[in-house]
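What follows is chain A paired twice: with chain B in the first complex and chain C in the second.
Presenting the complex of A and B:
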């Protein structure tokens, strides 16, 4: 069968790049093109992602029902205690609220919800419409806070006011405000301590990482945000170091904390053997007067790697030479994935992200083999086009990429926030390898039409 | 109407917003693609919501508002979006649904569209107004069906035609599952009657694996068929509530065709249960002038026999029924028919017609045991259900939290089913669909009894 070529929209051409072919000058950080079915979400989504795992806070979405409905309990961010974050609260604005304003309704809703659920703090997410009808959400929050006695924070996440990145920023602003407000008046640093930033406890990943630090003799003061409680933030300013994963979302908070509290930060990734080890070593080397920490870290890495290597080797034998496509939210995740896939003997033929910046893409280019397609803010048509052209065996992405992969008959690994399996740390690497192995080696691919051209029924 | 304590905030909503329903409708039209006029997030969120149910690609484009767009109006973005979609997808139709944002800033979409050069044979641009702050996804669905029907059948477009030997019927099924839609098509094939089913996403949102990428999946109601609706012999709309709305004077696709072209309209409820399916088939007999095929009579016979075999396991059991108002009404009618008391009938919708529709469908003797709530969310529902000690809940997968907290089984039906595979393949309607529902309910109750029993017999 002859394949119809899929065209790339003219205005998107400089957001698509093949290593080795052209001069590398990828365009990124742009707003999505109108009419192009972007895999991105909006400002609100970015904010929701960052603040969601604060489990004892009230998260109230101020707007019509959709934004709250579509984000109800969709993420695998686990809690060891309260589960208030899993509830979907909305002011559910109706026509009259749009005409007369939603401030009264918001105020009443906040008082009622605080009364029933007794949260330790409340976040009010502004959606598109709030920015248009001009509700003074900050004023309502202030009023409620004064009466209810808990921090009530507006999150300026109107969907149209930028991209998902602006949503991260709005969330970081709210989070910083919470940290600054809950801060106890003790300025001394807690010895050998860190804050973990950009780790959302998907499938319990924070717990895995915390355990590593515990074994290293490092104290984790707070996590932003994974299995988080509001009171955890009262000592955040006393940590010696901020360790930032998912740099796209939490770097702005780390910068602010550096400026205000003098806490330096490093960027890490807990994905894959190499990056996890590097993360732990980097943290250990931050405390040079304590060589024992480095020793413990080395021991930990040795033990953990030894525990998973035999299985990884077995899996690698099956995956060697198979081709993978990666499309994720943040580019940092893509770096780790490329390394991890190499570890499994796989070749990366496509890599893209929703929100990468120029440096990210330059680094991606360096990491990839010639011929690899690099995409910024891709749409389903482009993803499908290159997956087919490169004849990939595996797609790594989120829920919106899954049907593209499956329709074209290739394996899929969910690397988004909806997944329920931890992929972080050494244990996570084992889960990742297993998951990829399960999907790539499934016998069903032998039956899909793209691989089996003979239609037996004809 | 029973009123639960009202809260200002909605907690775990039992509804989605209007544009979602509209987007789904456009996926049920051949060569059509939905475009949401608003922020990027709306279309992405709705895509993932629909994808998680159908497990299929569901492309929804966005006009992608920015801050400037919100201030200066979305006209330019909308035009650019339409041009880009045409270039990438070559669609037969673009269904433009507004969002809360574009509605509130007052974009005049029909005006913007009228300024676009659309010559003969070009892409149809159909606008449906779906401000998310009014109604639910179900209203968005009906409004989109109405908008497409009205657009494709303008007043005065009817050409005199020769009498056809074969009857042709317009069927507006409402928001049914893929399997339901396929069942309807099968029935009309068996009746040897031409069917124009709008929408029909049963193939587009559940097709085979591909050899090459399809920008727009195959299937859906052909646009030329929709244009021919004005030539049909009759229209049928499923849904007791929808019928109520059209009686109240609200326009539906069926009433528009009736007004413009004098096409008779029949409006039975969704055919779930023997009685409702009987009404559906007798309405069909009336408009197609064809007798019900033997096959369906046999299905009916087997179903009633199964009711008898299982009567003791369901009689006097209590159920929580929730979802779209039409769905709740039909399901409650079926449950009552087999002796289950739908003690709590709840919907996030607020048409004001649910109580009346249920009164009509439920037998007198159980009505006072049935609590009816419109505009209800899952948290209120759970609070209300707690006092009624139900035996099970029936509805979409969003009720899982409720069923888990109440420690009662959940029978998954309707939309969405996000925590199981095959949600779109559930057959609810007709004698055959009712049979499957009946078996599932009985087996769920039996399974639950067996699981919690200390003895655990392996026979009934």
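Presenting the complex of A and C:
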């Protein structure tokens, strides 16, 4: 059965591809077209999520109330100590502030908060409006910092200044500034040490990964940013290696640290058996004069894999041949998901991201079977159309895709940052497999009129 | 303790909102727009706004929420968003084919001073709006008012834009339901029809945001006020506006423009407020109240009398929107409960005065604050504990921290189902509210009862 075609905007035609059918030259990294029902977010969102897991810092949103309301405790970034990051602080700018400027209010707000909570540092997030009314946020931060004696850092995350990716960069700038100014005056490297970058301790993932490194004999100096404390960053510059996950968000920080402190970096993923093992082996092989580390790593991987394989085999038997659609924020996550789903015997029929670049999409294309639909910055109509056309059993995406998947009558896995179940590492792979199994094999899909091909427009 | 950061000492806060009890105008405008049939809401601002609002509504309703965005860039922020909006209008009609685009502004587009009348007129002149299709707008600057203000502004805008008068009465009544759930909108319609009235309810999100699982994804679900009905509002016999803050402006606009007489009533929450609503319908349409409604009223009263001993002097803390809180406080006082801490995030001195009047005879101190926040409410609770908390989902932190029986009420509810299907307005809604209140109060008694006093019959 063939679906009625939906119209894809002329200008978006190069952002949708089917492997095998089309000459592959995806266009991406573009601004979303005005008028599209894009699933993308803004600069502020990018900054807010990257810095959020610094749990003993103050996170003050400078702007009207909305930006603070929507980001109040929205991530599953767990803390083993302070939970100041879960509060929502806003300067709640009103009409008069827009006319006369919000600097005085911001200063007052910072002092009031610092007095009460004695945070170890403060981040001030600039929202759209702050960029327009021209508050000198950096100057206010400087003034407050001088009086309060803690780092007070502006995050230049005005929403309109680009995409979520630009927000990651703004966050990296602020974070680098914090690292640089709080760094202790000891230049020597800490032996056998790393920083973990791009790991946000969603559902305790950082704790899982840290434990692996401990067993390997590697010291984790700091995590950016998962269960982080401000003081952790004072020796970040002394790590031997930066291990960067979720490359979209923190690569620019890794590059900066390489330039300033000479710390090399590698890109890894802790999702799925293959990628987790590779990450650990890559780190171990960075210390070639310590073969014992590689031995410990091999042992760890063997033990951990052996521990989860029996259950994975059971699950695989049920999932074999089922089809999955993936639509996530960063393309790097999609790579790992494809591998992990293959491990579970599933076939990926659609894959897309909000922020992938050309190389990402080329790699995605290589990883996928012919016929797979590849999308950049997709809208709900496109997603619904291809999911039906490819007859998927599972959709992996975020909050806005979830009800669409359920309306269509297919399983869903929320692979974003709101969850509190860890999906990283070997243990995470087991959780992931269970989650997929739970939704794909659910009998509720037998109750719904599942394979209805309709014109999704009307 | 999740909210260990709440201290009991109440210090003056001048420049800060902590843990907001409101959000910004555009989300309310988006919600109202979804209550028009075949209408796509459009956010004229940065991408993030639209993404946040869609996510917030998606989480609350567990339904796909569609809206487009002008995707502002740095360029549009300097040179104005005209080009973006015109392109958006063109793209939306080409791709998604709605009948109506409801544009709302954001803090960004308001501050740079985009003239939406001029831009939409230009779009019409340039032929970007196909014949029979419509684009209208509401100004919803995020730095003024709250989500309720945004709802009110959009509702007023739809009344003003669409209504026409042929000079001949259509024999119908306009009912503006206020910022309530789709379930409440259905319930209000049902009661009006039961009275023999043919209502034009606008906006009407029933069957838009509480749709069934059909195995299909429809971008524009079957519900929403039809265009013809909106046009016809100028010919109606009268308008009943429920909830002064959310609905009065639209009702008065119709009165001013077409001399459609209006009555503004409280939201029909609880016994007396529903009585007033029914009475308003009765008088306006010159009909008598059918037995079926009298019976429903009697059933609500029956629960009240049956269970009154459990309400006796129970202290209650409330957070919510002004239109909801006023009739709710009236209802709680009426059944012998004592609402002692009442916070709304929306500013307005009239609210405080009304609550003070409703609670004047209570034998205890009552704290009330318009333009307050959840943090303040929590501090009040810590200083003077309560037996029951009613608030949106964010109340659960306080409930957990201080072990308070908790009823979810208001927007948003992110962690339970039911609100979109079962009303809390009118007599049946009152019964449901009491059921919820009694459930948590009696569960608490059961939990805390020593074994010898554990009661079978309550």
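By our rule, the second predicted complex is superposed on the first by the 445 of 458 C-alpha atoms of A that agree within 3 Å, B and C clash if a C-alpha of one lies under 4 Å from a C-alpha of the other, contacts with A are read in each partner's own complex, and residues count from 1 in each chain.
Convention: a residue touches a chain if its C-beta (ideal position, glycine included) is under 8 Å from a C-beta of that chain, and two chains touch if they have at least 3 such contacts.
Keep in mind that what you see is a predicted model, and the values were worked out from it rather than measured.
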Side-by-side fit of chain B and chain C on chain A, or clash: clash
Touched partner set for A:83, first chain B, second chain C, both or neither: second
Which superposed partner A:93 touches (first chain B, second chain C, both, neither): both
First, second, both or neither for A:224, with chain B first and chain C second: neither
Residues on chain A lying within both footprints (that of chain B and that of chain C): 6-7, 9, 31-45, 63-70, 72, 87-95, 97-98, 105, 108-109, 112-113, 127-129, 131-133, 159-163, 379-381, 384, 399-400, 402-404, 406-409, 448-450
Residue numbers on chain A that touch chain B, as the complex places them: 1, 3-4, 6-7, 9, 11, 31-45, 60, 63-74, 87-95, 97-98, 105, 108-109, 112-113, 127-129, 131-133, 159-163, 379-381, 384-385, 388, 399-400, 402-404, 406-409, 448-450, 453
Contact footprint of chain A on chain C as seen in their complex: 2, 4-5, 7, 11, 13-20, 22-24, 26-27, 40, 42, 45-56, 58-59, 61-74, 76-77, 83-85, 87-92, 94-97, 106-108, 111-112, 141-144, 146, 211, 213-220, 345, 375, 394
Chain A-facing residues of chain B, complex: 7-13, 15-17, 19-20, 35, 38-49, 51-52, 55-67, 69-70, 77-78, 80-85, 87-89, 99-101, 104-105, 131-134, 136, 208-215, 348, 379, 398, 401
Touching residues on chain A, where the partner in the complex is chain C: 6-9, 31-45, 63-70, 72, 83-84, 86-95, 97-98, 104-109, 112-113, 116-117, 127-129, 131-133, 159-163, 379-381, 384, 399-400, 402-404, 406-409, 448-452, 454, 456-458
